[in-house]
Amino acid sequence: MTNHISLAQGREYLAIPGPSVMPDAVLQAMHRPSPNIYDGELIEMMPALTRDLCRVARTKHNVAIYIANGHGTWEAALSNVIAPGEVVLAPASGRFTHGWAEMAEGIGATAQLIDFGSSKAWELDRIADALRADTARQIKAVLAVHVDTSSSIRNDIPALRALLDDLGHPALLMADCIASLGCDRFEMDAWGVDVTVSACQKGLMTPAGMGFVFFNDKAQEKRAAMPRVSQYWDWQKRTNPELFYQYFNGTAPTHHLYGLRAALDMIHAEGLDHVWARHERLATAIWAACEIWAEGGALHLNVADRAHRSHAVTALRLTDGRGTPLRSFTESQLGLTLGIGLGMEDWDGCFRLGHMGHVNGQMVMAMLGGVETAMAALDIPRGQGALDAAAAALAARTITQS
Amino acid sequence: MTNHISLAQGREYLAIPGPSVMPDAVLQAMHRPSPNIYDGELIEMMPALTRDLCRVARTKHNVAIYIANGHGTWEAALSNVIAPGEVVLAPASGRFTHGWAEMAEGIGATAQLIDFGSSKAWELDRIADALRADTARQIKAVLAVHVDTSSSIRNDIPALRALLDDLGHPALLMADCIASLGCDRFEMDAWGVDVTVSACQKGLMTPAGMGFVFFNDKAQEKRAAMPRVSQYWDWQKRTNPELFYQYFNGTAPTHHLYGLRAALDMIHAEGLDHVWARHERLATAIWAACEIWAEGGALHLNVADRAHRSHAVTALRLTDGRGTPLRSFTESQLGLTLGIGLGMEDWDGCFRLGHMGHVNGQMVMAMLGGVETAMAALDIPRGQGALDAAAAALAARTITQS
Amino acid sequence: MTNHISLAQGREYLAIPGPSVMPDAVLQAMHRPSPNIYDGELIEMMPALTRDLCRVARTKHNVAIYIANGHGTWEAALSNVIAPGEVVLAPASGRFTHGWAEMAEGIGATAQLIDFGSSKAWELDRIADALRADTARQIKAVLAVHVDTSSSIRNDIPALRALLDDLGHPALLMADCIASLGCDRFEMDAWGVDVTVSACQKGLMTPAGMGFVFFNDKAQEKRAAMPRVSQYWDWQKRTNPELFYQYFNGTAPTHHLYGLRAALDMIHAEGLDHVWARHERLATAIWAACEIWAEGGALHLNVADRAHRSHAVTALRLTDGRGTPLRSFTESQLGLTLGIGLGMEDWDGCFRLGHMGHVNGQMVMAMLGGVETAMAALDIPRGQGALDAAAAALAARTITQS
Amino acid sequence: MTNHISLAQGREYLAIPGPSVMPDAVLQAMHRPSPNIYDGELIEMMPALTRDLCRVARTKHNVAIYIANGHGTWEAALSNVIAPGEVVLAPASGRFTHGWAEMAEGIGATAQLIDFGSSKAWELDRIADALRADTARQIKAVLAVHVDTSSSIRNDIPALRALLDDLGHPALLMADCIASLGCDRFEMDAWGVDVTVSACQKGLMTPAGMGFVFFNDKAQEKRAAMPRVSQYWDWQKRTNPELFYQYFNGTAPTHHLYGLRAALDMIHAEGLDHVWARHERLATAIWAACEIWAEGGALHLNVADRAHRSHAVTALRLTDGRGTPLRSFTESQLGLTLGIGLGMEDWDGCFRLGHMGHVNGQMVMAMLGGVETAMAALDIPRGQGALDAAAAALAARTITQS
C-alpha cells in the first residue's frame, strides 16, 4: 500500500483576518465558573475595563459594549444617531462599507454610496463633491471604514476629517475600526472621529461575540435629539448605568469580559504604540516577501500603494486563479489556514493573510513559509528569495518614535 | 491576636437563577483556538446544532441564533413581527414582562399591560377580557413569559393558547422561555406557541452571550408581511443562509457554538424528559425544605401554589427583611452565592435559589444546607427538620412517564 | 414506558480522601504550553516555590521535590537515610504504616512493626517498650504516620518526639504527612521531626503526581554517612542544584509546578493557621452530624476519641454492612462520590468522607446531605436532625488563636 | 523617546527537544476535576491505555507506567534486572548514555563505558570487542540509547541486536527511546529489544511527569531471578495488578493519564507509520535548510551522516560560537525558543532544534525562518536560499510504504 503523507498534524495556525489567534491568557481567563452578576469582582472591574478599552481607541469619551459581532455594532451605532429618513454617505473601498450601508437602509435611512472598487482607497475629491452637493445638509453621517478586511485597504481618516472641516459639513464622522483597532494607528479624539465601532475578535484577541461603540459628545447630542431609539441598542444607559445589568441591557457576557480584561492587560503591558509598531514591522516583512513573489508575475498584492495597506491583513491575487488550491494545500498539508478571497469578483483566485493581534516574528515566517511551500507544490512561478527578504526585514534594527 | 474564621475557601457554588453552573464539558469545549469561519467543522456542525436546539424547544420549525442576551432576543423577536404602531398584549406576573413590553415600546409598538403583581400567575379571565375588547384585532401578539425569573412564577401557556383559540383571536403567541427552556416542560409545537425566545446561560448551561428565537410558519407569514425589518435582527437569512456568515449576520460566536454543542450533547444524552423530571424532583425537595422553614413564620415562598412554581428558580421572602444579611453570610462564610431579590418592593428582604441546568442532588443539599446554616447564624426562627425533609424527598423512589 | 430517575446530572463532587477537589486556579495554571526548561520563569520561580512549600510544613530546612506519588516519597526518604540491614520502628494505626514498612523491607531494611489495629491511635507505652529494648540502637528511624487516610486516626507526633527525647534514643523521627499537610496542624521544626514526607494531591490541592521530602540537618548527617544512595532518590543535588534539571534529576514536572505555585498562593493568602482552623471547624460539623446519626445505632465513627480524629478524613462503619450500596446511591443518584472503606476487614461496610484542601461550608453540607439522603433511601436507622446539628456547628461564631 | 521594538508578542513557539509542543486536545483532557481512583472510567480505561502504549513501541509484551521523568525510568528499568555488583555495557554517543551509566553505578552496578564522543554513532567493532572480551558473561545488559537528545545522533539498534546474536552474548538489550518513541521508527519486538524506557513529554506529547518501561519475557526472567527489588520500582505488580492502585504503587497520576489517552488517540488516528513518515519528511526539510546554511561555513550539523541523524532533534554548531546570542534573539525578538547546546564542550556555541511530536509543516517553516532571521540580525555568513530549499522539500510529493 502506498500513501501520500500530510504534514498537517501539529499545532494548527489560523492565519485568517479574524477571528485572530487567541492568547492563552485570554482562554485561561475564560475557563472559569460563571461569576455573580449582582455583586463582586465582575461589577467592580467594569470602570477600569471601559477606561482601558477607551485607551485602545485613544479616546477620553464613552464606550458602550454590546454582545454582538461587528455587524451588530454597525446597527447599534446607526440606531443611536440616524433616524428613519435620514441620509448617510458611504465611500466604499471594499466590501464592508456596502454592508454597513445596507444596515443603514435596514433601519430606514438612505445610504448614498460612492464606490471606489475593491482595490483603491478613497479619492477625497469625489467625497468632497458629494458633500458639497449636499447643500441641504441631509447627510447626517459619513460611514468611514478605516481598514476593509476584504480588500486590505487602509483609508486616511484624518484626511476625511480635514475635508469635513474644510467644507464646514456637520455630518458625524463614523469610523469602522473592526479590522484596525489594536493593529493600525488610530486616534479617535485626535483625529476627530465622532463614533467608532469595533469588535473583539481581531486586534483585541478575544473570541468572537462582543462589539464596541465609542462615541463623543457631538454624537451624544445627536442621540439626545433622536425621536426614538431601540431599547436594546440605546447607548445611554449602557454608558451611565445605575445598575450593572444596564451596561449590557440584561445579562452580561461574563466570560468574554474576563477574556477582554486579559487581552487589554496584554496590550497595555506591551504599550499601544509598541503594538502598532510591531504590526507595522510584521506587515513590512510580509510585503517584502509578497513583492518578490510578485516579480514572478503570478501573484499580486491587491493594494499597490504601501501607504494604503493595512498592517493587519494582506489581500493577494493569483493570476492563474488558483487561490483555493493554494489555501487547500496549506491547510491540509501544513496545518496553516489562510483567509479566502472576499468581496472580489475573482474571489476564488484570491487569498488573504491575517496578521492581526497576537502575532509575532516566528508566526509571520510560518505563514510566509507556508505560502512559499504551497507555491512550490503548485508550481506557481515566483521570484526567488522571498523568505530571505522577509527574514531580513524582521531582522532590521528599528527605532520607533512614540 | 484573635480572628473570626470564614469557611468559604473551597469550591464556590453560584446558586443564582442564571447564569447557572457551567459543566466542565462546556468550558473545555470553549477552551480552544478560534476555528476557520469559512470552511470546515464549525460550518458543518450547524445543521445538527440547530436541529438539536429545536428539539429542546420541541419544535420542528426554525431557530435563529443571535449573539445577544435574553433582552436582545426580546427585541429580535419583536423586530421580525411587530411594526411601529402595532399593539402587543403583555400579561405580567413579575418583572420581566414589563421589560419585554418596554422593549416593544422602544421599537414603536404600543404595549397593553395587564399587571398581576409579583406573586400571582396569570388570571385568564382578565386576559380574556382584554382580547375580547380588541374587536379591531389591533393586538398582534401576546407576550407570554413562561417562567418569570424574578418572581419564580410559572404561567400556563397551553391555557393561554386555548383561550386565544376559543376567542378566535389571531394574535401571535410569543413565549419567553429564558428561565424555563431545558428546565420546565415546554413543547412549542404541541402547545401552539408561534414564537419562543430563550438564551443560553440558564437551562442550556452555556456562558452568557447567545440567544435564540424559534418561530413557526404563522410567525413567518407575519414577518413576510412586515414593511421593513432591521437587517441585524432579521431572522430570514439567519435560518436560510446561503453562506455561513449569514447565520449570524457577520462573524459567528465561535466559542459559544462549541460550548452549546457540548451542552446539547449532555441534554440529549440524558434525555429531555429526564431533564425535566430531574428539575421537578429537585424543586420538590427544595419546596419541602422551604415549606418547613416557613412554619416558623419568618420565611415565605413567593408563590403559594405549587402548580405555578418554577422548577428552576425559587423566590423567598424573609419577614424580618434580612435577605441581604442571609445572602452575605452564605457567600462570605460558606462559599455559596444566592440570588438577590429582584423586582420586589421589598427586594432587600427577598432572595432566590437558582436550580436550573447542571444541578444534581448533592448541589441541592448544599444550597439548602447553606440556607439552614445562615438562618441558624442569624437566629431566624424556622421549622426544624427542613433538611431531613429535603433529603427524604430526594430519596423517594419515583416513576416518571415519558 | 416508565423510568426511575437519577438526580446525578450536575456538578460531580468527589468527596474522597484524596485526590481532593482541585481549585480552578490550579487547573487554569496547568492549562498552558510547556515552558522552557533551561531558562526563564520556571527556573526563576523555584526558590520561592521551595520556600513557600517549607512554610506549609513549618520548617526552615530543606525540601526535595519528586515526580512521584506518596508511596514514592516513602522510598525516597528511606533511601536517603536507611541502609540495607538497618532497622526501622513502625507503630501502625491503620494501613499506611504497614505499606511504609514494606517499602523499607524492599530496600533491605528490617521493619519492626507495632500494630495498634485500625481504630486506635498509638499507645506510647508500647512504643517506649520497643525503644527501650533497643539497647544496641539498631533502630535508625521511627516511621510515624501523622494521619492514616484509611482509618482517619490522627497520631500525636509531639508526644512521640518527647518520648524519644526522654529515652535519649537517637533514631530519626520520620513523619508521613501525606493526609495531613495543609489540613491538620503540623509544625516540623517545632515538633522535632527530622524527615517529613508528603504529596500534592490532598491538602496541597494539586493533581496527583508530585511528592515532597522535607529534611533537617540531623537527617542530612545520616544521609552523608550512607555508603551508597540511589541517584534518582538522592536528595542532595535536588536541594543544592547547580543546574535546574538537578532539582528533579532530569526533566521537571513543568505543569505540576505551575499548579503547585497556584495552590501555595491560595494557602498563604488564606493563611496557614486559618487553613487549619477551617479544617477543624468543618470536621467538627461533620462529627456533629455523624454522632447524631450514630444514635440510631446503625453507623459508627471509626475513631471514638475526637482528639485522635483527622480533620481531613472521617472513616465510618455501617453496622449492617451496607457501605457499598450507600456509596453507590450517592454517586449514581446524587452526583456525590464518597471514599471506600480501606484497610478494614469489613471494608465493604465502611466508607470515608474526604474533607481536605479546597473544602468549604457549602461542600460539607452537600456531603452530609448526600449521606442523609442515601440513608433515607436505604432505610438505615439513624438519629434525626443530624444536618441541622451540622449547620448549627458551622454557624457557631468562633474565635481562633493564631 | 526612541525604542527598539520586539516582535515576540504573539504565540510563543517552544522548539526545544522536549518538552515538546502539547496539543490542545491533551491540555483540554487534563483540565478536569480529579476522578474517583477506586471505581469508574479511570480504572476502566487502563487496559486499552497500556495496549495502545505498547502499540507505539511495537511490542506485544508489557509496559509499566511510572510517575517519573526519563531519568526515573532509567533507574526503574535497571532496578528490575540489575543487581548490585553486576556489570552493564554502555556505548555512548552523546551525553545521556553517561547519565544512564551513572544511574547504574548508583544502584551498585559497574558500568563499562565505551565513549564515541558527541558527534559519532556507535562503532559496532568496538562494542563487539567489549562483548567478546566478556568471556565470563558478567555483562548483564547493554544500555543502548536510540536517539541521544544532546547530540541528535540516532544509533542502529537492529545492528546491535544482530551483533549480540552473532556473538551469542546473553546480555539484555535495553533501549532508551525517550527522544525517539513516536518520532523515529522503533520496533521493540521485531528488533529484539528486551527492555525499552521512554517518557511522555516528547513524541508522546504529554506534559512532563510520566515514564514508561516496556519489557519482554526474557527481561522478566531476569527480574524473577533478582534477590531483591525496590517495592516502588518493581514492575511486577504494576503490570499484573489485582487492584488499580498497584498499577502505580499508590495514587495514580490521574490527569496525566487523561492527557496520555488523548495523545495516544491522536497518534493512532494518524497512524504510527504516518507519524514516523511525517517526522522523517520534516527532518529532511530541516536538513535541507541547514546544509545550505552550512555552505557559508559558519554553521555545521553535529551529525554528518544523514543515516544517523534523529528525525526529532537536530544539533547545530556555530563556528563563531554565537549559539547563545542566536537563541536569545529568536526568543526575545521573534517568540521562538530553541534548545541550548547540551553535553558539548563548546555548548555555548551550539543550539538544537526540537521537531518531535506535535509538529507540522508550518511550524518547521517558523523554526527555520526564525533561525534565518537571527542569522541575518547577527550577520552570520550563510548560504542563501535555505528557506526556499526547505519549502521545496516540504512540497515534494512523497510516496511512503507502510
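Observations
Per-chain residue numbering starts at 1, and chain names A, B, C and D are given in the order in which the chains are listed.
The definition used in the following text is that contacts are C-beta pairs under 8 Å (C-beta built on N, C-alpha and C of every residue); 3 or more make two chains touch, one makes a residue touch a chain.
All values derive from a computational prediction rather than experimental measurement.
Most remote from chain C, judged by the distance between CA-atom centroids, is A. When the interfaces A-C and A-D are ranked by how many C-beta pairs touch across them, A-D comes first.
Computed centre separation for the pair chain A/chain B is 35 angstrom, with centres defined by C-alpha atoms.
Averaged C-alpha coordinates give centres for chain A and chain C that are 54 Å from one another.
The distance from the centre of chain A to the centre of chain D, each centre being the mean of the chain's C-alpha atoms, comes to 44 Å. Each of the following residues of chain C touches two or more other chains: 12, 21, 27-28, 31-33.
Every residue of chain D that touches chain A in the complex is listed here, in rising order: 1-13, 21, 23, 31, 266, 270, 274-275, 277-278, 281-282, 330, 333-336, 358-370, 372-374, 376-377, 384-388, 390-392, 394-395, 397-402.
Listing the residues of chain C that touch chain A in their complex gives 24, 27-28, 31-33. Across the interface of their complex, chain A is touched by residues 12, 14, 16, 18-22, 27-28, 30-39, 67-72, 74-75, 102-103, 105-108, 199, 201, 207-210, 228-232, 234, 248-256, 331, 337, 339-340 of chain B.
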